[in-house]
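Structures follow.
Both complexes below contain subunit A, partnered by subunit B and then by subunit C.
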Partner chain A sequence: MTQETSSARRGEPLLSVSGLCKRYGAVTVVSDVSFDLAAGEAIGVLGPNGAGKTTLLKMIGGTVAANAGTVTFQGQDLTRLSAEARCRAGLVRTNQVPAPFSLMTVWENALVAASHGGALSRRAAEDRAHEALLRTGLLDRHHSTAGGLSLMGRKRLELSRALACGPKALLLDEIAGGLSDYEVKELIDLIAQIRASGVAIIWIEHIVHALMSSVSRLIALDFGNKIADGAPRDVIESEAFRRAYFGDSIATAELA
Partner chain B sequence: MDIFYASVNGVLLGGLYALYGLGLALTFGIMRTINLAHGDMIVFGSFMSLVVTRVLGLPALASLVVLIPAMFLLGRLFQERVMNRSLGEGIMPSIILTFGLSVVIQNALLLTFSADRQTLSAGQLQTMSLPLTEDFAIGVLPLMTLCVVIVLLIALNWFFRHTMLGRAFRATSDDPEVVALMGIDPRRTYGLAMGLAFAIIAITGVFMGLRTNFAPFDGPARLIFAFEVIIIGGMGSIQGVLIGGVILGVAQTMGNLVNPAFFQLSGHVATLLVLAIRPSGLFPETIERD
Partner chain C sequence: MTALQTQHRIGAALALVTLAALISVPYWGSAYLQRSIVEFLYFLALAQIWNFMAGYAGMFSIGQQAWVGVGAYALIVLAQDLGLNPFWAVPLTGVIAAVFALPTSWLLFRLKGAYFAVASWVIAETIRLAVNADINWLGGGRGRSLTTMGQFERGFREDVTYLLVVGITILSLVLMVWMLRSRIGLGLMAMRDNAAGAGGVGVAVNRTRRIVYLAASGLAGVVGALIFMSALNVRPDAAFSINWVAYPIFIVIIGGIGTIEGPIIGAIVFYILREYLDDFEAWSLLAFGLIAIAMMLFAPKGIWGSIQSRWDIELFPIRRRLPARFSTPSTQET
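So, the complex of A and B:
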């Protein structure tokens, strides 16, 4: 379809999602979604509320079991593995609502992620936690209790813990939601740095400009179906995407 | 002077009560489940110590060398094979499950050991005392019990703050779903935590058996004391069990001073007072889960 997708398909993809489905009773939340993520690639996922974005991410991360489909990571089929096993394999998800271990310090939060998620011994875990907090700018608050952090602080901590796990692919769920414009900009810079360090990213976000400036490819979901996949500009301007967001009449009027 | 003696005895008694509460505080603090069979498991620990002392001819305290690892394994199996199945459905399934288990343990003990009251023997240790004044001495065993619980609390505090596994316990207690995103299997953590709780239950069972006699149906009474300790100290607070145990112990010995019939009643009244004034206990350490 586009250069990005074709280059992603050229080599072995880092992550390959194939035919993922999730049903709750009669309601199909995610229906037959497939895509590949290349090493170091950043994909944004867009879609109206209830399109199945978070469920898709949770299926990839292993928190929600898929009814059908497979998740292959670095050539290994992870479909039947638990979230903790996928985390150790390098496929790490952050929460939509930051969920720090509130009674523990920022440092301990990062250390738990490094020692368990990164499966590191004490000294190596401390180094990794230190590095993660340094990158997210939380190092000077490492003694604070995590429950006392501001929203931006919690989002940074969420990222710090994910980084401390040593991810090869990072699944970010609406990490910019609820932040001020200035904070969003800080976050975009941070994510750009993470991406520059070679970590592949799948990022769900409602703040479109944040996505547009950070990812090289967009996937649009509507009612659980993938309706567009390609270069960000192409997806945004596609008819299917406009119809999902604005309804039939406006889409046709604008396109006419 | 009587009040002073009663307080000292109350503090010493509080050591045993703190032990009762410690296992329950661990299970509630980490798993957020309530173990209604806790008292019966303590009594089970006493009986197991009795078996080990009889079979191996060891003194009761030495039976801990066998009991602690055995109970750790049993606790781990119990959590992983039984309790983990009741996770995620709120607190009720664990209550029903352990209530049933409580009945099973009591009757299994009755069938195996009859209804006779038993005691553990540690020879002179049980009668040794340290004279404080001419007419007042404190027992070595109660003093030892208090020291054991203090050492356990210091060790646990260190373990929870400075080890990988201890931090995993605290993180899992905070949010069992999120720890999975950090590579921790909460079910495995729970298994290890229950193993730890059972190891402490083994210690509790031995010290209880040395202090008083015991019979198969004694569990529920121990459970009530254990609950009172953690209600006073703060539900799930590990360090709170010491103050909870001491307050309960002192309240009981003070009540006893007024009238021996008030021994238990005054302990219950103290618990109710704490519930009325500080419903979350004196040292609430855990936070509400969403």
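So, the complex of A and C:
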């Protein structure tokens, strides 16, 4: 039914974030951030450490309650809904710090996501979990206990679980950290495949070149403010972005 | 694969043999044996129920005695005051306990961790004090007797009670295995490992918790009714005794939290220990406490958890595995 509504509302964004704010005590961590995500679109999010990227993604995903602002998904206001309800609606987030179900196997981890997030019956859930693990390359480790995976394995498990939920929009929080060049290339291919299957993506990543080759649009955050939003090149070359990263030698070196 | 199937067969065979032995006890066992088994089983049932709440759904209640007591008093009211057949009243006591538990869940579910635990105990104490203060209807501190049981001949009464206790233990076990194998069970195990993460993949954490809480309270109520059906007399101090939750916690910690097999092993250990420690009365509680603390420090997974982390053993088929239809040469293992 929601799919019908969404196709009926062609032209409207899949996800619309408006005026999101988050304060912890006197500190404003995210300040009045708004943007739209079109169906099938991929947006990269950049910003120095502590800029508020994760907090923004958590507010969109529903694990952190916003102090102000709204999150609209497929024309429906989700601002008051829990993370679990948003996940079942197709808005799925991966954790920057992986949250594996440690005592369960890799297979069971994917199966939980498929049967709950995907709201699938037993056999369909198994098919979906299998497909997700196949795509992320974790299928060989289906029998391993999730708690025993390396950090990279756990990050891949985060992605597998998110895929098994059958998302319409995927919120990715630093899934490439610690990967080798070759693995980053594999990940870029995977993201391209996911996009090609019609899933919209918001991807926080510090590895700029990975973002540049995967997304059609970049948003830059600094001290909780959106300081740039547009075509990747334009954002990277913008005055505001360069100022935010001033003194950050890695970023400037990479940009040069 | 085959090793696992063998384990499940062993598990099923053990369960069937035990069940057959238990059911036949009234035909060959002494009354003393029968009473010992009853006592063993209601501690096992209470331990399984507590394990289900704490081990899977992350609700560390220390107030389960509230529902044991409510179940016991519900039996009194249904059988003594309303004249129901006490045996047929037993399932109703579970419903009543669950109905009483519902409003407490509205309060408790706002709290987490230690606050949840303390509040659950406060609720139990409040109910005990309320029953204690009442003078006429529930008999106040002196309690009431289940004189209506006198209509049955003693042997018959004990046999039926015995079979009901066996039944409720098996029922709670079957219910748990069935639930854990279902979609809810996958969600529960995920919640056990990481509640926030479970919400992130669509598990309805709060709804699942409420289902478990109400089921656990209802089952505890039935156990309470059965305990006092054999005791024939209900007093607030006995019905709402902290022992109804303290011993089950001990059993679960010793045996292994978050597993089905653990509480069974824990209950056996508990029962043997109690036979020896009973002579020391008050000291026995201290000893149980020290043993539990030692266990938490040195083997936090309990006996069964420690066995399981060394060998890949499972007697009840709960875990889910990659179905054979997906097995390709590259993914085949062991």
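Rule of thumb we're sticking to: the second predicted complex is superposed on the first by the 236 of 256 C-alpha atoms of A that agree within 3 Å, B and C clash if a C-alpha of one lies under 4 Å from a C-alpha of the other, contacts with A are read in each partner's own complex, and residues count from 1 in each chain.
Everything below uses one rule, namely that a residue touches a chain if its C-beta (ideal position, glycine included) is under 8 Å from a C-beta of that chain, and two chains touch if they have at least 3 such contacts.
Predicted model only: the values in this text are computed from it and were never measured.
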Putting subunit B and subunit C on the same copy of subunit A, do they fit or clash? clash
Mind working out whether A:A65 is in touch with subunit B, subunit C, both or neither, as first, second, both or neither? neither
Is A:L139 touching anything from subunit B or subunit C once the two structures are fitted on A? First, second, both or neither. second
Taking the superposition on A as described, I'd like to know which of subunit B and subunit C A:C165 touches: first, second, both or neither. both
Please indicate which partner A:H130 is in contact with in the superposed arrangement: first for subunit B, second for subunit C, both, or neither. second
Would you check which partner chain A:L151 touches, where first means subunit B only, second means subunit C only, and both and neither mean what they say? neither
Quick check on the superposed pair: does A:S102 touch subunit B, subunit C, both, or neither? Answer first, second, both or neither. both
Note: overlapping subunit A surface for subunit B and subunit C spans 61, 63, 82-84, 87-88, 92-93, 95, 99, 101-104, 108-109, 111-113, 115-119, 122, 125, 161-162, 165
Subunit C residues touching subunit A - in the complex, by the definition given at the top: 183, 186-187, 189-190, 192-194, 196-205, 258, 319-323, 326, 330-331, 333-334
Considering only the defined contacts, which subunit B positions touch subunit A in the complex? 164, 167-168, 170-171, 174-175, 177-185, 285-287
Over in the complex, which subunit A residues touch subunit C? Could you list them? 61, 63, 82-84, 87-88, 92-93, 95, 99-105, 107-109, 111-113, 115-119, 122, 125-126, 130, 139-140, 142-143, 146, 161-162, 164-165
Touch list for subunit A against partner subunit B, complex: 61-63, 82-84, 87-88, 92-95, 99, 101-104, 108-109, 111-113, 115-119, 122, 125, 147, 161-162, 165
